[in-house]
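I'd like to ask some things about the structure below.
Going in written order, the chains are labelled A, B, C, D, E and F, and every chain counts its residues from 1.
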């Protein structure tokens, strides 16, 4: 058993690594990594404390996932690889550091990333592209994130990373799940089409759930999952930077993740902003979503 | 674009008007108005801070509503008309001020009102009646609000406004949606019938959703919408004065509002009590509900 | 009317008994009882403040339950019987006191218990067994609670009470509802079978709701209901010691309770940990769940 | 010992009366009484929950006060007399009920009152005047509370009660302690003089502490103490309706109370607004201030 | 009277400008200005919401300051000039916008600035220097803020602005008040001397209060005041980004400000991070500190 | 430099050890150790999360303490030694584990302990006695903690540890600092004398500060410091189990610690209960108090 034994050492004891797993020594198949950067946000910051909170909120995770029939910590020899050393206030420097750091990770491991805000996903995708070529992207979010620029032409924010990734041709098929909320203009809808992004909005999730699952099963090739916690309703995930009411329940997003029968090569959960949490409900949900994806990876890797 | 441009001026900047819209100058078709009175409550006060919180919580709203296909701010030339000057501690004086103030508003504009507690709806309906004659009422709430008197014969509280409105013959058909929770006695059920109120309780919403939508579509003539935030479950809207567990989700109430194909002449969202909120989730929901109704009005007004 | 009259004395006034009911004098049929012990928890404590918070959170309850068509306070002559005098830090001494105290209660009354952590249910079941013989157990929870020992062989915790009850042959049929979350090992699944426990996990509740209701209706003989508040999702019940995301909604658990057409001889709601609550949403939910069960008891007792 | 024994029944158990004292039966010398009215406030409401919170926050009080050398609960046979049945939304009706209720109390007992907002002190002083004649008033507050009217001539609010009491000639000498914060105009200063009120402002407390104590010792005749919790700095008492920064510490106010060697015939602690508290620090402070005054009464009554 | 009249319109009503003052039209002598930028912080962000919170927290301010004998709103014709349009994530662009914006303000008005983090003070000093030449700086803080670079040579953060200002020769005499907390190395002490900064640490404030006041009175020429809210103890100001325990009380900092008999040409209160506040105690304190400085300016300007 | 470099790796990054120090490898002189046990409390639990919160709250500590002129991390080669594996619910088993674990620590290191509740100090003193003989005890607290038994003769709680230590003759001179609050009876005062405990109550600290410092300087031989965070006022340290209002400020307790010129062989900070904290102010204070004591140890050890 890789975790500290909860029957000997109560789960509120000892130093907080993800799920009380060991730190990495290089031979593991999957690693929890924090990218605590939040200067890409256009509303509420705080996601820089995401990795710290998700580690604290992961202490109740246990080895076996009965709904996926998987023991991800053991099967993937999972470890905690600490955080990327970001540069607060300097988004472009930070992006270089992330890309460099992740370029190492993707060679040997499946990174399970805790943000940070969504701007971190662009350099992660650059690293992934460099190491493994173009992957598909399944993007859980309430927002499109493919706006062009903000604030006088600024290209890098948590609302523009996807357009940059598409412009740079870093990804194959893109599926967005859970989109909702007001838009800047009706053109946002046509932009999705122009950009070739497949959109399942909140009504699709609520009313055509099975169809989404079937569509996603058709995906070939490596898949990267990027999950903005604001895809979940603020009742379940209040701790986020740009909340959108009327969202998914935690059960719905967990079931969607469990249904993925694709080749996942990496994932992130972003936009968890702990100053806005209460009683750790968002941090615990985020830790569980990482756990579900790890479980699915573990299951899918089995011969 | 009527809102301050979010691509130039980040949404956390500048003075808080509703959705960062301009203040009113008289020519607009719809106006956000605050009625910050809460001495009508029989349990938790605090709704006097509702308008302030809903303004702060409306900063993320964007111009285009994709689910309703509507740009309410531009189409209705929407503005923020400040607050009614209420008289704390003196409910009857306050009611006179509200009626007088709203009698002006209804002449030229569609008021989108943020309470305050539910007692404010009575003088609003008096003003509406005076200006436009009797309207239908769609009333979202967990409570009937047609009790007779409280505390030794007091006729004006947030639990008696609807009986007063019916006694004064201010409204036509009344539909209640979302009713639940324990009652003072079994006679409350028969009172609903005696008073001619059509009740869709929480089970109707959960199990006969489409039937409700069909019923409401049959409504002719002007419609006023009064939405007590406690119709939503406390998980989604903790900041309210008399919470009832086991309620609607935010998605359900939003979809109900979007489905309304009637002639809406005014609306209120009441009972948002910010001291009981966390991370603004209730205030943001309330702001979005006002936005959804504005979007529907805008859509329905189109030829 | 047994409650203090809310039309004369506002519901925020007077000393907090459950639902502002009178204290017990011995002739009542059902009693609210607090068991404020929480040294059985293996993660977050705080449930010792459960009875105090649930009393405060029960002030909005009214006499008539329209969904069950029942007036439990009057029909059961319900009262508040104070708390059991527990011994903080000494679980085995506390268990003896609980068993002794409840052995009195079960003789004449139906106890409606507010925990306290789940370890209190074992001595309650011992008392029930002693007074009324073996009853069936309907157990709402996200966790199995039938682990063997913790921390070097400790037999009494909130995660082991059910195994002890089964070993001691205190209960007949056991039904678990709402089980979810990661497990210590795959053997937990087979242990359920070995122990003869009938498990309806979260998927069963979400996807086979009616089947559960039908199964439970078949139960003969006395039934004890033990409800761990963590069966509900943390969005609806954040105030608990070992939260599991992805759970029931408050509406779902209320409907399940209302559907029970069995002979209920006692019940508990446990693991409400008020330091983790906000705006009393968990305490209010717990008070309502006790109210729903009281209503069902009252209905089912009618000839 | 009048309190429930904390060595047998832990202090988090049993129904919340003040300090876990018995309810009154008529023969006691001093009684805790709640007056949960808050429609007199001109900013944040919530003080209606003051008595409930102060009862919960008084559980840690023990029988002996070493700084005053007094056992107030036993010496005064102190009890909890419940709450006055106020009328939410109707300040003048409520004032009549308070006056009537307190007119009974003052005959036989020393009332130790938990507000409610400061408007309740006027009817209390009316009752005191009626029963015992004119008393002196020691008024701890950051605000003068002798403004004339608000909101178009309204005479009864939490900011006007003292002018009314002076106009009605209900009190003898008036001492104000802790006054600070911005004023409506420079005339407020001269009004204090015109009204004959002796003012010790915050600087007097911080820099001339002993002089205040000496002055107060000179008071002859019965004394009523009215303590607005906002006399204390918001760091120590965040839960209040119109906070003023730069105030007293909790130690300073406690020492001032302990130094009073006068004939106290009643007291109130008002403006505790629990929705704005955290971890009960304000409620606990308020409970302790009542305890200090009870201790002083007990000491001063000794021959 | 410039503020909305609180005797007609309760202070919780109407749109939130600072102290409910009018927006600026160009002829005023002093203006409240928000600079909601927080990407300069090296620990907790959130100060971008400072101006919004300080406006909300300023509603209780009244026209007359009795301790300074001043009516700053009227005497200075004070107004609210909105916020500078910052560029989240891009500190150097933001600094240019601030400098440009403030260069206008300093020509005609005394700006009273609400941050934002402390990095905003550098461009403010640049603007001040450009318009009025070198001023003295009185800097209230727990930290020196003259470190050289962070994170691989980054020159602009909230911990380096003072060194930049000194390097650029923007200020005359610099006095620091309230310095405390652990340091990066002993050289920080000698750096203060090398840089010519006069330091009054926390012990100087606590033990040599009057000496500080006398020293500051000697300052000739224009003075700019920069007040980091973390100079106050976290008990009084929890809402800040890099709290240091063991700090000033709110009374102490207010008295220090009131004692300033110098020619103040501008001021800022920075590092108020509302996500970390409770019941607005920090925001209210910040609003009062701005009010105290405005009062002092008003008094000092009198002939 | 032993800490992770804050100029390269921002202080919100990387896994939480105390002050981001390395874990222990055996050769260090001082170690941070967590003892997360809280079943000894008689009111609010939660201190089991103390070590986790204090680690998170220690991230802002820097290497040099200017008020003590000391670099404790380097001079003591300080490290983080994880937590003792406690046994929730079983106080006597836990005490054995603590004694055993600490018996190792005291041989080679100076342990700087984060509780946990105050019951942990008894086994720590047993270990200290065993390894180093009898030490003096400086005990900061608002409570005496020398009561005999609770709840029917229970000898081990957080209110009885000191009597046990005295009965077992584990300590030499005992000094208590900060004592205040109501007592169970007047005999508590004489018990202090009988037990030979030197008491400096809150008035001694406030009014005879220097005398205390002089007295403590006379202490010869090894000294153990046990600091219950409730010695500080709840305004500065709300997160504790049995708060007493009217306490020390954070500055006062820090100055008392800095003044200690004695041979400190170990210390603990106990009773930090994070569920009751806000914005980490208590956790940060506790981390700083450990840092101050480490600084003093480092200074005093210098030749």
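We adopt the following convention: a contact is a pair of C-beta atoms (placed from the backbone, for glycine too) under 8 Å apart; a residue touches a chain by one contact, two chains touch by 3 or more.
Every value quoted in this text rests on a predicted model; they were computed, and no experiment measured them.
Common neighbours of chain A and chain E (chains touching each): B, F.
Comparing the chain pairs A-C and B-D, the larger number of C-beta pairs in contact belongs to A-C. Over half of the residue-numbered contact pairs at C-D are shared with one candidate from A-F, D-F or A-E, namely A-F. Put simply, the chain farthest from chain A by mean CA position is D. Rounded to a multiple of 5, the Cα-based rotation taking chain A onto chain F is 180 degrees.
Distance from the chain A centre to the chain B centre is 37 Å, each centre being the mean of its Cα atoms. Averaging C-alpha coordinates per chain places the centre of chain A 54 Å away from that of chain D. Our note on geometry: chain C versus chain F, Cα centroid distance of 39 Å, whole angstroms.
Those residues of chain B in touch with two or more other chains are numbered 8, 10, 12, 42, 44, 48-49, 85, 88, 150-152, 233, 235-236, 249, 276, 278. If the chains shown are joined wherever they touch, the resulting network has some other arrangement, not a path, ring, star or complete graph.
This structure has the following touching chain pairs: A-B, A-C, A-E, A-F, B-C, B-D, B-E, C-D, C-F, D-E, D-F, E-F.
Residue ranges on chain E touching chain B, taken from their complex, read 8-10, 12-17, 23, 34, 36, 48-49, 51-52, 55-56, 80, 82-86, 88.
Of all residues in chain C, only 42-44, 149-152, 180-186, 188-189, 201-203, 206, 233-236, 238-239, 242-247, 249, 276-278 touch chain A in the complex they form. Only residues 38-42, 44-46, 48-49, 85, 87-91, 93, 119, 150-152, 154, 156-157, 275-276 of chain A touch chain E when the two sit together in their complex.
Looking at the complex, you find that chain A touches chain C at residues 6-8, 10-12, 59-67, 69, 71, 233, 235-236, 249-251, 254, 278-281, 284-285, 288, 291.
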